[in-house]
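Chain nomenclature is as follows: A, B, C and D, assigned in order of appearance, with residue numbering initiated at 1 for each chain independently.
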Amino acid sequence: MHKARLEAFSDGVLAIIITIMVLDLHIPRSEQLSALAPLLPVFLSYVLSFVYIGIYWNNHHHMLHAAQRVSGGVLWANLHLLFWLSLLPFVTGWMGENNFGAVPTALYGTVLMMAGIAYWILARTLIAADGRRSILATAIGADRKGVVSVVLYAVALPLAFVHRLLAQAIFVCVALMWLVPDRRIERVLPPAAE
Amino acid sequence: MHKARLEAFSDGVLAIIITIMVLDLHIPRSEQLSALAPLLPVFLSYVLSFVYIGIYWNNHHHMLHAAQRVSGGVLWANLHLLFWLSLLPFVTGWMGENNFGAVPTALYGTVLMMAGIAYWILARTLIAADGRRSILATAIGADRKGVVSVVLYAVALPLAFVHRLLAQAIFVCVALMWLVPDRRIERVLPPAAE
Amino acid sequence: MHKARLEAFSDGVLAIIITIMVLDLHIPRSEQLSALAPLLPVFLSYVLSFVYIGIYWNNHHHMLHAAQRVSGGVLWANLHLLFWLSLLPFVTGWMGENNFGAVPTALYGTVLMMAGIAYWILARTLIAADGRRSILATAIGADRKGVVSVVLYAVALPLAFVHRLLAQAIFVCVALMWLVPDRRIERVLPPAAE
Amino acid sequence: MHKARLEAFSDGVLAIIITIMVLDLHIPRSEQLSALAPLLPVFLSYVLSFVYIGIYWNNHHHMLHAAQRVSGGVLWANLHLLFWLSLLPFVTGWMGENNFGAVPTALYGTVLMMAGIAYWILARTLIAADGRRSILATAIGADRKGVVSVVLYAVALPLAFVHRLLAQAIFVCVALMWLVPDRRIERVLPPAAE
């Protein structure tokens, strides 16, 4: 039951985050096609953040599917992750409305990095609850992919001030790296007729 | 469990989309009845989009009810559908506030068309997971209704520039065509005492 | 399963409606207590609408608890109810920001009346699906309370133009009449150790 | 079933409250880092309210986990709690945008106090439904922590006018006091392999 409610609450928060981000696409006054042009960077930021929330939902879903126990610490580690993700609409809007400027891009990367760290903490807390020899621990292992992502975000921060597109390219690459669902967990879990 | 959480997340996103669209009905300053007149096209756009989201929720619900397996590809095909539907509040507001102008109407039709294609992809992905002889494959078959809808949206796009009401009429007709829930699935599934 | 997802979607929509209404309480610029004074009518409208959404959630919950079958018609009757309730944030804000003026009050009453009629249709559709001798049919019966509410709303509409407080008094009285949960259903259903 | 739907609705409302609060972080026009400086008090208010909603979700979750029966009175006691929490985005925004001024701080404390009282009423209503010798009654007992919190909020109100930081310090202390999940319930309930 703990797990079901944790998932329901996380689903709710992620569903709202993904949907309110679209409110930053302010409706233009003019009905000309050209009126959409200034919205392009906002739209591209939206697409990037939509994919990121989709990745988090997807992996969160796989990870909790494999988890057996939900401790009090897990509830807070999960809220900590949701906190950083809840800041995504703000930084997405700021980055988009300023045409991927250096400072907003660096802040966007910071929020992604903090969310990555929060996800890593959540994974550790879940493994601590399940035990080192649990299905989850075997499936996640050393979580190299998660660690690499956080390192890449950290590299993107100073690069945003060198050339903003370098940082954006890293954000896109990390997203592509995660777009594939977490095969590690699918590999360990037997295929179930759900 | 995969299916339950996929439905819960989709329900959340659709519920938020359907509800935040009403935020485009900006509260008028004056308390006169005449102050509502300029809101009429916004209101009509809202009704149309509400019905469309209702149709998607309804058919999504029927389709997943018949589906047996949810693969990793299904999760992303579903997010792809939700992405296009998440743009509906924006295009609804733009179309309504510009009194069904040609460009906003064509963009509205584009989003509907992309959502229709995304729904078709989701259906194919679900059938691929369940197998060609599954209940779902039998129920959906060649999905002529879905294909016809996408073709009609494609026809509506140039028509929006000929006369905007022609495109609107097509949107309304497609909605009416779908308002009847997907009998194909109800026909194949035995009636259950739910 | 149909019923579970219908409830989940309705819960989502009602939860969002009840929460976005608070966005009409615009944050005042000044930090003086007096800055809150102009918000009082908006706040009172919010309380009234919060109670109404609470009543609908409560009775919707009791009614579906007693229902056995969910047909395709029920899904649409339910969406129809949600449509009228989704307009509540708009009319609540308009009524509150215009200090309970006659026209906004009459429109507020119209939306309540339409929601009342939609609820009545939903009850009839559910009874039609369950059969005349079902638990639900016995519990709801002729639904005098629902009919009386709709009549009272209809009476409130012209009264809003005579004196706005008369209409408001009726809205409050109907709410009080419903605040008691639907004992009819609790009386018929045996108490369950849930 | 009553309990499941009560939890789902509460989760939905809490998820929306926690997420729309971030909309008060208005996106600055400038892309300079200095443009974020005026947002700092709004951000700090957001963090405080996020933690409070997290605490309520967490304890609400533990309390309902231990509860056996959900009466009609419980549904309304729960809505009463959600009403006060739904005002949190408004008072959070007002307090943050006015740099923790005395009156907004006192109003923030008032809403926290009313929510604390509402939570206490909900606990009593649940215990009344379950009986004095239920698991829940044993777990919650005299609820000293809840009573102390309400008293501390009441003390914070006048202190906001002496020095605003005194009231803020109390809000932070009460939050820290609750951050630990309700061990009383975990102690009484046997550890379950969930």
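Keep in mind that, in the parts below, a residue touches a chain if its C-beta (ideal position, glycine included) is under 8 Å from a C-beta of that chain, and two chains touch if they have at least 3 such contacts.
Since we're looking at a predicted model, the values are computed, not measured.
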Overlay chain A and chain B by their C-alpha atoms and let me know the rotation angle in degrees, rounded to the nearest 5. 90
Where centres are the averaged C-alpha coordinates, which chain has the largest centre distance to chain A? C
Distance from chain D to chain C - Cα centre to Cα centre, in angstrom: 26
Compute the distance, rounded to whole Å, between the mean C-alpha positions of chain B and chain D. 37
I need the residues of chain D touching at least two other chains; which ones are they? 8, 12, 15-16, 20, 23
Sort out for me which residues of chain B touch chain C in the complex. 7-8, 11-12, 14-16, 18-20, 22-23, 25, 27-28, 31-33, 36, 47, 50, 54, 57-58, 61, 65, 179-181, 186, 193-194
Would you pull the chain D residues touching chain C in the complex into a rising list? 1-3, 5, 8-9, 12-13, 15-17, 20, 23-24, 68-70, 72, 75-76, 79, 82-83, 86-87, 89-90, 93-94, 97-98, 101-104, 107
